[in-house]
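Each of the two complexes below includes chain A, the first together with chain B, the second together with chain C.
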Partner chain A sequence: MSGNMIVCRCNDVTVEEIEALIDEGVTDIEELKRLLRIGMGPCQGRTCIPLVLSILARRTGKSPDEIPVPRARVPVRPVRVEVLVGGGDE
Partner chain B sequence: MRLKYHPILRFERGKEVTIYFEGKPVKAYEGETIAMALHAAGVRVFDYSVNKNRPRGLFCAIGKCSSCLMIVNGVPNVRTCITLVEDGMRVERQKGRARLPAEAKPPEFREPKVVSADIVIIGGGPAGLMAAINAADAGAKVVLLDENPRLGGQLIKQTHKFFGKREQFAGVRGVEIARILEDEARKRENIEIFLETSAVGIFQDGEEKIVLGVRKNKELLEFRGRALVVATGAMERMIPFENNDLPGIYGAGAIQTLMNTYGVKPGDRVLIVGAGNVGLILAYQLIQAGVDVKAIVEAMPKVGGYFVHAAKVRRLGVPILTRHTILRAEGKERVERAVVAQLDDNWRLIPGTEKTFDVDVIALAVGLRPSIELLHQAGCQIKFVRELGGHVAVRDPWMETTVRGIFVAGDTAGIEEATTAMLEGKIAGIAAALRLGIANESWLKEIEKAQRDLDEFRSGPFGKHVAEGIRKLLAEVGGNA
Partner chain C sequence: MSKVAIIGGGIIGVATAYELAKLGEEVILFEKNYFGSGSTFRCATGIRAQFTDEANIRLMKYSVERWERLEEELGFDINFKQTGYLFLATNEEEVEAFKNNIKLQNKFGVPTRLIDMDEAKEIVPILNTEPFLAGAWNPKDGKANPFKTLFAYLFRAREMGVDAREYTEVVGLEHEGDTVTAVKFRNGGKIESVKVDAVINAANAWAPSINAMAGLRRDIVPIKPYKHQLVKTEPLEPGQAEPLVCPPSWNDSYIIQDGEDGGIICGSGIEHEPKHPWDYEPTYDFLVGVLRYAVRIAPPLKHAHVVRQWAGFYAKTPDKNPAIGKLLDNFYIAAGFSGHGFMMAPAVAEALADLVSKGHTKVPLDWDWYDPYRFERGELRSSAFQIG
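Moving on to the complex of A and B:
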């Protein structure tokens, strides 16, 4: 059932997949990010990160302020490569 | 379906144009976004997800999530909720991951257009507009950008009248306040406005800060200023339940965008999750738009919003089920049913209490989260403060973050109300102008006055909670509340 509970829309990551990794011992949010690609899609974590933080807090017994948010990097919005380089058709 | 009659709002639609969805003509109006035109034509599935091929549709409607990405004129990953229609536009469902074009041109770096000002303001909602107006009046040259096609932020969908003092627009509807603030901003010659322009990064270059912007998904812009005000608002929260990504499940704000900004009926029968002020006001607004609200479910043992809103909704016959949660959404490619169940005092489901509602829309009004990405990327210290809605930037009483010259205001600084966002924007705009040596000392009085107004507004039971959160932030910078 939790296979259909979507946490990250961009990369189709479910509650089940996140909980399974946490239970295997992956409790660092940057590691979860790299393994599951949460926060790395077009929305850059706007939808999923609060959910991942709460699952992580519940599963590890930590308080949410003990879990850092993953780093935000440029660009914080999807940008067409053509906007930055090349093109010249406009 | 488009709303023809509304008790409060009049929808001024632009010239009729035709866009092509999967090759078929769809009627649209200039000034509306692609997502709104498609929704009005009955289209709910906008794309199929990358790995699991799940149908997806509109969710946030303000360009923050990734649920409405489509292929527009051959270009994939276009946020259709904030991209305006153009006559003859070709729109297609995106299936799976977008592909690079087979014939890519060799890269050739572009020099972006440079726009210089004293203060760059990111976000044109109540906080950003008030920051711009006040900074401009204090003598600063201001540039303001927003990624939406309209100014006003979330005010443009608020049909209810505001509380507070007369000078804080008490008794005026949010949509009207948006119009007043927009007029004020537009008539000042020292405010330059860029709409449909996303800020994608913040950099420091000597004394100047650079905001890298992208206009209309195609033009690179470099905004330069010695101070920044970040007023990027908030993002609607999601909650985990089965099929929580099905088209027809919207953030509460998205439903307001559909029906109150663009006059598009969100659906026929709605279940609302969350009985805070947003959920309660939404129920009332849906009824105003002629939509049937089946029920409001709330996991807490009591209603979270103001009593006056709850009483109004109950009088209209909408049941509010406290200690209930949503279990799952059902439906093939869009919401057809919602199943809810009762919780016991330990938040466990009580077996046998499932109820099914035949609805085509599920509205999530389960709170907001500050949009802090730019502040975080710029190196501002971030702290988790539950009372303010999650992670926020540490800031001082003048709304300046731990990066000198970067100010914050509105929901980005902590989830609150439009009234407080306007006051914070005023403080941030004046403080930025003072920091740059542009404003004279007489403006200090205005900051102090806005601070007193904020204290007064926050003295109620809801505001006390926020005030406690702000004390935690000020403790980090050694300021006093």
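Moving on to the complex of A and C:
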């Protein structure tokens, strides 16, 4: 993977940015997620988290199974506010 | 130089580790999960000096001054922005209460003022002005990125030699009389022990169990966790709702535009007792309840998509003021922040590190007000003004 390849398309995060933080000692996926906002875009990480896991595994020499996967957050798909508040014409 | 153990790697523990290292102390910091995993990474990012009592106003005025210089001091972008807090009144009595609060805040140098709805609309373009009579507006309040702030403190602390350990749970304290002598912690499968000169309990919602380890009654500082939640929308154009906007009489509901990605964070006073000490399960009643308020505050939110919902704990004391100070000879606490620990961290960490290392501080923190033994003596403070 080349350094400026984008891993998280929702939030524009590159391989280089992820590797730089891993080298600073941030090897927890929850921390990488929060510092770089990977997995926090509209797709909620469905695209990027698997890629980040593989970068992390490679860089830290762990097997991907040893790395805990971040918990998905509800809702599973983005929902329109007016659907939830029932028209919302208050 | 003495060796100080800090239990809890949230913003309070991490910032205090940094301040102690600056004073030349040797620090070992324990976090049982990952740093920030408690309440800190779940907060709504807000920072305000608009409180309704002298102690909290003065502490937060000082804290905001620290926030203003923090990015430079820590050499790290923490995205601190003074985008203000706007409280909204729905009736005449509230307008009068706002005027009194503003008078008190002005007395201590906090520049809050009463504004009309035309000015409010300029500040918050998506605001529904119709239900409101007036606003209390402090342009110096603001927000910062909790993730970056915690890491900024952590990176500098480590550079100064702090031994900061995550996934390391403290399981016991050894004590002789009123002196804590050692900390026992889990290291992988083993229990290890380290001798220390002082211990700080910065475990917030979990602080009672640490007090019990020190041989104190678990409820000597009666902190109870309450589940509070947030919902976030997809990004909107910047500038739509940058300040925190809150009509307190609408169940303390509020909206604030995330300084990082422009999504609108929506909070409310809809709270739940957690089912267990790690109950972060979001609830549907909150999702619907908070959004009903949010669209009344800002109708265009109807068309936005909700992308996230999450939960965390307000670690509440009976008077919603934190407990800060000494519990035993060399055992200290800073916990029970009742929803205000992020904004208070720069001031509290500095004051606490001064207390532990030097016995005195220039930070205007009223030790009597926050005395951890006040509950024991049955001396409650007036309730700190809490929202969401």
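The rule we apply is simple: the second predicted complex is superposed on the first by the 81 of 90 C-alpha atoms of A that agree within 3 Å, B and C clash if a C-alpha of one lies under 4 Å from a C-alpha of the other, contacts with A are read in each partner's own complex, and residues count from 1 in each chain.
The definition used in the following text is that contacts are C-beta pairs under 8 Å (C-beta built on N, C-alpha and C of every residue); 3 or more make two chains touch, one makes a residue touch a chain.
Everything numeric in this text was worked out from a predicted model, so none of it was measured.
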Touching partner for A:Leu84 - first (chain B), second (chain C), both, neither: both
Partner chain in contact with A:Pro50 - chain B first, chain C second, else both or neither: first
Chain B versus chain C as contact partner of A:Met40, first or second or both or neither: second
Per-residue contact with chain A, leading partner among chain C and chain B: B
Which superposed partner A:Asp28 touches (first chain B, second chain C, both, neither): second
Touching partner for A:Val15 - first (chain B), second (chain C), both, neither: first
Touching partner for A:Asn4 - first (chain B), second (chain C), both, neither: first
Common interface positions of chain A, toward chain B and toward chain C: 11, 42, 44, 73-75, 78-82, 84-85, 88, 90
In the complex with chain B, residue positions of chain A that touch it: 1-2, 4-7, 9-12, 15, 41-48, 50-51, 53, 55, 64-65, 67, 69, 71-88, 90
Sites on chain A touched by chain C in the complex: 11, 24-26, 28, 30-31, 34-35, 37, 40, 42, 44, 73-75, 78-82, 84-85, 88, 90
Residues of chain C that touch chain A when the two form their complex: 34-37, 41, 147-148, 151, 155, 158, 166, 233-234, 260-261, 282, 287-288, 291-292, 294-296, 299, 301-310
Residues of chain B touching chain A in the complex: 49-52, 54, 56, 59-60, 64-67, 69, 75, 77, 79, 104-110, 147, 198-201, 203, 212, 214, 217-220, 235, 237-245, 328, 369, 371-374, 376-377, 382-384, 386, 390-391
